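Chain nomenclature is as follows: A, B and C, assigned in order of appearance, with residue numbering initiated at 1 for each chain independently.
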Amino acid sequence: MNAGGWSRVRNALVLITVLLLIWQGLYLWAGEVALASPLGTLRYTAKLVATEAFDAHLLDTLRAFTIAYALSVVIGLAVGFWLGFDRLSGDAFEPMIVAVYAIPKLTLYPILLLAFGLTLSAKVAFGVLHGVIPIILFTLAAVHNTKPILIKTGRVLKLTNFQMVRWILFPAAIPEIFTGLRVGFALTLIGSLLAEMFASQRGLGYLLMNGIGLHNVELIMSVTLIIVAFAASVSTLLLYVDHRLHRRG
Amino acid sequence: MKRLIIYRTLVIGGIVALLEVLCLTGVIDRITMQAPHRIVRDLYRMLVSGRMNSAIVKTLSNTVVALVLALSVGIVVGALVHRWRALRDTLDPLFATYYAVPVFAFYPFFIVVFGLGDLPQILIAFMLGVVAMIVNTLNGLDRVPAVLVKTARIMRLSPIDTALRVMLPAAGPYIVTGIKLAVAYAFIGVIGSEFIMSRGGIGYEISFAYTSFDNATMYPLIVLILLASVAVNAVLTRWEQRLLQRRGMRT
Amino acid sequence: MSGVAVVVADQGRPVPVEQVRLENVGKVFSVGHPPALLHALGPVDLRLERGEFFAVVGPSGCGKSTLLELIAGLTTPTEGTIAFEGRPIAGEAPEGIGVVFQEDASLPWLNVADNVAFGLRRLDLPASERDERVRNVLKLVGLSDFATSYPAQLSGGMRQRVCIARTLVMQPRLILLDEPFGALDQQTRLLMGDELLRLWRQTRATVFLITHALDEATMLADRIAVMSARPGRLIDFVETHWPRERDSRIVEHPEFGAITARLWKTLREESLKTIAQTSRDAEAAP
């Protein structure tokens, strides 16, 4: 790792330290009833993760999330490529898809629940609704931003459309597509979690809401910590790959 | 340009028409969804009757409070972070991963600490919107051409004057982008929180209507939210594009 | 417009008054991680006379812009002293100096008239006088018809004229220009050169011009200095002795070619040194 990489690590460590200090400070000020201390939360987390019940919830969330993400990727890439190549459709629909970002999508969840019932499918569909959008948009942009010289090269070599995509366009578009996949990952996770928080009997989101009724601060903070830590570390990893891809591109 | 609008209208119209047909013929049963024309009619009746007024007011006021906080804190922090390199370096990892973290995951924690009132919602909405504002303010300030800052110094402008008359206007389009995002996020934060757990507001009404099997209330409200968020976003986007165009920047 | 404060000697001929004095000025930058010292400029000794048109030519990267920024007060020298009208410049732009940069410095969110009036706000002038000054200066640079247009609607040359107008409206006694026509095509450059001479005569300000175009320097200036390769020092001074009433047709003057040739002779050597320097720097970089 070069100097830049190390300084980024240092920055992250400083940030985490500062956040932990603030957390500890709030705990000392607010007291045991309101908050759990960092150390207390970690201890509780260790205990929690060992229980079977927790593992069941975790698996539920992971299952819904994984299926949702896989679907998002497949649908997102397909639609993204289609809209990228078909200029008319792309220009027509892209603003509409961008507008979806601004909609509080949670309000659409009841429609999915009514359509799919209180099943895994509803959760998955909701996750897909979140994750597919950035994948479509970034893939579309990747196709639009392809340098014309690459397409000319493909024509000169007399490639079929499929070959053109496979050998030239897709590799050239990978950095931008990856960014879409990265954002799609994060948003699918958020979508899955939200679905669980609203209407579910299982999953990490359900655990969180359950903690409210039980007024179990430690449980809530613990699960929140797990979710945040997971999301932040995966996101950082994906960002790192993203940077490397864009640099070589 | 015209062609695109026609195409879009046809597609949206086609989907609505399809839904109408599917509902009327019973392929989609009434428990799942009502026919679009009924939804529109119910929405009109609901708004006219004023039944939802208090909910609308609640949602709007919470959104505005969260938004004002997010904008003001966002611009100030953005300007501060821009000035102090050490602060920027420390917060950089936070900004990079922020929107990958489910901020709503903090909502139960806020409820337990602050009680089920307006504050947890406002906090969530604020948390969602403020970083978008900070990042875009930073982005805008970064892109102020160095030559403009030099010009301000040659003209012997005070630091405050430089900030207000040169840097802020120069960063204008990007700050408007931040405002646009903050508005969307604040709205999403409030509605989402109301939806998950709250005592009032449009999100709560939708959630309540769902659990009461009250489609006649639920669907119109969903459509209302859809229309409101898309309309506001469209207006802000127009403003953003106009700013960019006036300066000859690519849209 | 600001008058030239000139001491008239007995014979009635004006005695030159010194306006800018640089003594032993040097500038060292620290660049990169880990910081390395870059000796950009110096030592430089220079005296500018009030009302003269002075040009500096030199290879790229030799420190010409640094010299301009030092005189403008945008940066401080690491050694030596700079004085403007007798007072030392202390890291702040002195009053009475205007600068035109190579990049487009027009404010894109203001129209032409508001751009030009931008610096006037500090002067607390009554609105009528402000408007009149703006009107006059717009007429001077030929942009009266575009007062309500926005910079994005104008060509590059017109935008530079907006910047020049904005500088002139402050009635500076010294105008610094850093390759102001660099981004323009050749014909526009020549015409802008004519305009610059006209403005110089009318405002009676001192003009300090940096350019990499030898013909431009020879055409426009009373005195030309050649700067060496980095670290930049002024190694040759040439006086053109042109009449004050001149324009681009001065190229026909028999002396024109000789002056340009002399400049190039000195400059060519320095340019070659710069190229060697650049390849050494590139090899040394990680």
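By definition in this document, a contact is a pair of C-beta atoms (placed from the backbone, for glycine too) under 8 Å apart; a residue touches a chain by one contact, two chains touch by 3 or more.
These figures come from a predicted structure and were not determined experimentally.
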Inquiry  = Testing understanding: with touching defined as stated, what is the shape of the graph linking the protein chains, line, ring, star, complete or other?
reply    = line
Note = The pair of chains with the most residue-pair contacts is A-B
Ask   = Taking each chain's centre as the mean position of its Cα atoms, how many Å separate chain A from chain B?
value = 19
Inquiry  = On a C-alpha centroid basis, what's the spacing between chain B and chain C, in Å?
reply    = 49
Note = Per the C-alpha centroid definition, the whole-Å distance linking chain A and chain C comes out as 54
Query = Considering chain C alone, which of its residues make contact with at least two other chains?
reply = none
Task = Name, in rising order, each residue of chain B that touches chain C in their complex.
result = 145, 147-148, 150-151, 153-157, 165-166, 169-170, 172, 246-249
Query = In the complex of these two chains, what residues of chain A are touching chain B?
reply = 7-8, 11-12, 14-15, 18, 30, 34-35, 88-89, 91-93, 96, 99, 101-111, 113-115, 183, 185-186, 189-190, 193-194, 197-198, 208-209, 211-212, 215, 217, 220-221, 223-224, 227-228, 231-232, 234-236, 239
Query = Can you list the residues on chain B that touch chain A in the complex?
reply = 3-4, 7-8, 11, 31-33, 89-94, 96-97, 99-102, 104-109, 111-113, 184, 187-188, 191-192, 195-197, 203, 206-207, 210, 215, 218, 221-222, 225-226, 229-230, 232-234
Task = Using the touch rule from the top, collect the residues of chain C that touch chain B in their complex.
result = 72-74, 92-93, 95, 97-99, 101, 103-105, 107-110, 118-119, 122, 150-153, 170
